[in-house]
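Each of the two complexes below includes chain A, the first together with chain B, the second together with chain C.
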Partner chain A sequence: MFQNLSLLVQAPVLNVQLLLDGLFIGATFALAAYGLALVWGVMNVKNLAQGDFVMMGGYITVALAQAGIHPILALPVAIVVMFIFGWVVYKLVIRYVIDRDLFTSLLATFGLAIVIAQGLNLIFGPEVRTADSGLAIRSIFGGLVTIAEIKLASFGLAAALAVIVILFMKRSRMGQAIRATAQDARAARVMGIDTDRVYAFTFALNAAICGASGVLISMIWVIQPFFGITYSIRSFVIVTAAGFGNLPGVIAAGFGLGLAEQYGGFVLGAQFQQATVVGLLVLVLIWRQIQQARHRQAVR
Partner chain B sequence: MKAKPATVGLYAAILVAGVAAPLVFPHYTLQLAVLWIMILFALTWDILGGQMGYNSLGNILFFGAGMYICALTQIGLYYDIAEYTASSGEIKVDFTMGQYMLGLGLGTVAAGIGSVLLALFFGRIVFGLRGPYFAIGTLGVALAAGELMGTWDYVGGGGGISLPVYPGDPNDRSLLYYFLCFVAAIATFAFLKWLYSTRFGLAVNAIRDDEEKAEAMGIHTERYKTVAWGISAFFLGIVGAVFGNMVGFIEPLEVAFPTVTFGIFMVLMVLLGGKGTLWGPVIGATLFHVIKEVTWTYLLGWQWITLGALIIINVIFFQQGIMGWMREKWPERFGIVVDRRATISASEEAQ
Partner chain C sequence: MLTACAAAVTFAFAGPASARVDGDTIILGSAISLTGKYSANGVNAQNGYNFAVDTINKRGGVRVGGKAYKLKVVYYDDESTPARGAQLAERLIQQDGIKYMLGPYSSGLTKAIAPVTEKYKIPMVEAEGAARSLFTQGYKYIFAVLSTSEQYLASSVALAAEMAEKNGKKPSEVRVAMVFENDPFSLDVRAGVVDDVSKFGMQTVLDDKMPRDLSDISATLTKVKALKPDLLVISGHEKGATTAARQIKEMKIDVPMIAMTHCESGKVIQQFGKATEGFLCPTQWAETLTYRGATFGSAADYDKAFKAAYPSYKTVPYQTAQASAAVLVWKDAFERANSFDTEAVREALASTQLDTFYGHMKFSPAGNGIGKPMVLRQIQNGNYVVVAPTKYAAAPLVYPRNADQ
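Now for the complex of A and B:
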């Protein structure tokens, strides 16, 4: 099992490959996790359908690619479509769970996740898909390390989207309204902010971010209707580790998770890649609990 | 406490129906056995989810654990497990009736005990988590268990294990497993009915209502929580052992740790029936099982979408469940207890 570990020590250049892949993948994780942090922080909704929004974005890309549209051009389409979808989902479902207890949003969005995953399965079939970008794959270090140009492009796009979202949250009226609502919804209402509209916008924005993340993932990795739950768990791992309202933390945890998965998959074997994600979730929660236990010591 | 004749009649009717059902409808024995398993799922989930207010999404862990423990005991009694799983079905198991029953009996007991031990161990990890973190943490534990079992070649890995074949007549076999499921569900119900009437039930309810206050009142919450989880683990482990043998083949993701099917069904059934009540899970499980069988038969392909929509509608618009709804509709039928409690607290305030 551990012969791959010694391989990493003997051929350090392999680390470069894992590091790069981890960062490229981690950037897309961080994007989806930021969306979760947004809805969790602003409206206290724990969205278990997060990963299925990501898959929807991916399938929009695949569908457009079949129609002959380049995957990168699918990015704006996916963002708009997912924004509208998010708004509709808010009006139909999420609106009713905001003021309810913590478990309601988890279960309701879990039901949503089942509907989306099965819907995708009925439309596109259960096969693993990817959107071919047609860009070249470059190799460095004499062919030992390969970098697909599309991965670089997707990294750049993820960074650009993150910057746009941050600027939007800081500068625009709506961004300010969202942050005000997150701080104190009641006070925001008193100040004349239509919080219902803010919630709807936040959830739609989250869906759009997830959709964008899905577009990138469909270009650099694979998508499948039932991979959604893994992406949801990834988002939860990242947000739980970083805490919401902590954007640098979310980005760092996203990269960390990407790296951990690449190394876990390489050292332990590819069948452990899923197990690494859920294992990390359990570890993060244990770590959180130890911290809280220390916090509670004073009370005892 | 003296039971009313109507209640006794109801219990007798259920017992008679349970015994007679497989004899009257021999083609549906498997579905009926699964119905009892569903009722047991709902009852055990409600110990934590309804009575204690801890919404676990990972109780299915014990179901799968019991299944594996029982299978390994049954095979390990007479064979070398590593050789057996490595041959992936090449070694044909040929048990006599005595060997088979001994293996099944020991395996079921081991499954119950093993699941309790697992619950004690994982309880230490997850019970520090509150609210959504508890739900996500237990979900993570159950998902991780399935993934890890799939990579462990000693127990058959992703390919699974086939269990010993029943040495007798297939009809006897399905009847045997039907009655095992039936007895397990009835025993769970009877045990929980007794349990909720004891101090334990009150303590667990106190934890649901306000954990900090319960702790301040001197209830050792950590111990109660772990024991409550251990109880649900015990019954889940036993029924897991029975279900594994009933299916005859264990595979980590679909059969042993079906987190997104059975693991979620148990939550849904309790919510449908009304959580925090004794009868709610039973009613919810029965209704759910019927709905599920009907949609699986007539809406093939769309059954999961129907189910997802059902979850959403149930959670958003009907979270009190059938029992909760009846309690609102006819409070006097449940009201005797409520009134007395109100008068007691009023007189206490007056003193």
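Now for the complex of A and C:
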């Protein structure tokens, strides 16, 4: 560990690599997490199939890439397909668990996660896949730091998608309806908002966002039918840390998580890369608990 | 009354005392991964079993007591989960009356099933579980046709030492970076590498363990870049190979010698092309080896016949070849034992000395295969070429590897 730290001090340029990789991947984490924040905040559904939606997006990319379509062009396709898929899943499953207690929705989405993972495994097989973008890889600092252009591109796409979603939520009628439903579903219903439709749209939008995130991940990392769970965990960590309805917070936490993973992997070793994520979650929860305890005291 | 009923039912299902031999058919049993994360190689292994069974049946079957018997395998899908595997082994033995087992796919599943076969004293010839720890439990009924996993990458360390001496360096000056998945198989591979590294007095500059659900090792590779080792050793099943190859390409890692397991099943050449040039990949078997045996002829003959029978295969994975070898071992054991008594057959298995297309079959007292070496192939111009051991080498090692990205 100290050896690795001294490596960072001796060759500070390595920090550049870790920072860049952390930010690039953090952007895609933030995207999936924002989708979770949306369904969590609006519908109070904790979607455990979040990561599996991400994998589906990835596999759509891989399938299209095999048919000769450039992975970046898979982005709109994945968004549309996943939006429809999300709508169908809402109508078939989520609608029935939305008013039930926490465990029903957890169990339902967990079941959904298993079905999706096994389905992907049956269709695509358990091999690890990746979509080759064919873009160049740049070296800087005498080759010590490399930047894959696809990572830059996916970072830009993630940012663009985030802006579109923000504008949509702020400006469009549906966006306003979603926010109104999140604040008070009953009042929204009284005001004439069809909350069932709002829920369906929210869930579908989440699936679409996850699909987009999956497209980006299949281009910059690798995907496998059973990798979904790690993205679900990451999304939960980010949303728990940032709180829902707090988009800047989600983005910041996404970047933070990306960086924490890279530095965790470098300093503590690869075996702790994902443990860092869960460790951070514990810290965040403790911190939240302390905050709330203080809050309760103040109220008393 | 109830007991009588139960007895009648048992009798009806178990049939006569030799239900494992049904008329002129010897029935073998196997729980194998047909779905779940190991399904690709589970199916490869099943095809290997089936191909050998069909071939043996076509060529006169198994001769015991002057009579020819056919072989048949009963399969269950273990869904790639060890708990399910153990359950199914119980079911095969208890309900289906199986007395002769073929192994499942992967060390993890074999580890789950071995205690069951051991409990019922049912011999198992397994072809897909290479973990060292399978053979340190004092098991008496497990026989593995393959080389154990600590031998997978150990020979790459010896090669690195050889290359160092050739270039006027001492082997002790060689710097080794190790990246291993945190699972029983890869930790065994690591143990073999660590032994050889300390034997040559080499320096370990990096020793990272990859998480199970890995999709990123760029932080580790950043360290590799800074440390500039002479040898980089990686093991983490297919996903480890694919992830590593992808990021080695992306980060332009130019270590002169890179050795990793599962290159072939991870499809690294197809996916990452020239960036994989010079990778050293261990294999249990290759169709270019000069092994030869009775049923299938040479390794090349097996390769040709299998592809003809299963046209969807462009290359034959070693997982398939060794599964076929396990069936050959069973045939040989039945014939030498000249009996269907499990103890007699176990004795025959323990004293196996059989030449096959997959290499010489011989078991240590612990049950692991010791008849054939592990082979090291190098990716040269997009093909796998045997470079070690020297006896079987088809071409010299390219050192340093052409890091042509």
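One rule holds for everything that comes next: the second predicted complex is superposed on the first by the 293 of 300 C-alpha atoms of A that agree within 3 Å, B and C clash if a C-alpha of one lies under 4 Å from a C-alpha of the other, contacts with A are read in each partner's own complex, and residues count from 1 in each chain.
Note that in this section a contact is a pair of C-beta atoms (placed from the backbone, for glycine too) under 8 Å apart; a residue touches a chain by one contact, two chains touch by 3 or more.
On a predicted model such as this, the values are computed, not experimentally measured, just so you know.
Novice: Contacts for A:Asp21 in the overlay, against chain B (first) and chain C (second): which applies, first, second, both or neither?
Specialist: second
Novice: Check the residue A:Gln118 against both partner chains and state whether it touches chain B (first), chain C (second), both, or neither.
Specialist: both
Novice: Identify the partner contact of A:Thr240: answer first if only chain B is touched, second if only chain C is, both if each is, neither if none is.
Specialist: Once the two structures are laid over each other on A, A:Thr240 reaches chain B alone.
Novice: Considering only touches as defined above, state whether A:Ile229 meets chain B (first), chain C (second), both or neither.
Specialist: Touch status of A:Ile229: both partners.
Novice: Under the stated touch criterion, which partner chain does A:Val9 make contact with: chain B (first), chain C (second), both, or neither?
Specialist: Touch status of A:Val9: no partner.
Novice: Quick check for you: in the superposed arrangement, does A:Leu281 touch first (chain B), second (chain C), both or neither?
Specialist: A:Leu281 contacts chain B only, not chain C.
Novice: Pick one for A:Val190: touches chain B only (first), chain C only (second), both, or neither.
Specialist: neither
Novice: Looking at A:Gln271 after the superposition, I want to know if it touches chain B, chain C, both of them or none. Which is it: first, second, both, neither?
Specialist: After superposing on A, A:Gln271 lies in contact with both chain B and chain C.
Novice: Could you list which residues of chain A make contact with chain B in one structure and with chain C in the other?
Specialist: Touching chain B and chain C on chain A: residues 118, 122, 229, 269, 271, 274-275.
Novice: Which part of chain C faces chain A closely enough to touch in the complex?
Specialist: 35-40, 179, 182, 207-211, 213-220, 222-223, 225-227, 238-239, 242-243, 246, 249-252, 265-267, 271, 405
Novice: Which of the residues in chain A come into contact with chain B in the complex?
Specialist: Touching chain B: residues 46, 93, 96-97, 100, 102-104, 106-108, 110-115, 117-119, 122, 229, 233, 236, 240, 269, 271-272, 274-275, 278-279, 281-282, 285-286, 288-289, 292-293 of chain A.
Novice: Given the complex with chain A, which residues does chain B contribute to the contact?
Specialist: 55, 57, 125-126, 128-129, 131-133, 135-137, 140-141, 143-144, 147-148, 150-151, 158, 260, 264, 267-268, 271, 301-302, 304-305, 307-312, 315-317, 319
Novice: State the interface residues of chain A toward chain C in the complex, per the touch definition above.
Specialist: Going through chain A, the ones touching chain C are 4, 7, 11, 14, 17-18, 21, 25, 118, 121-122, 125-130, 132, 137, 139, 143-144, 146, 148, 217, 221-227, 229-230, 261-266, 269-271, 273-275.
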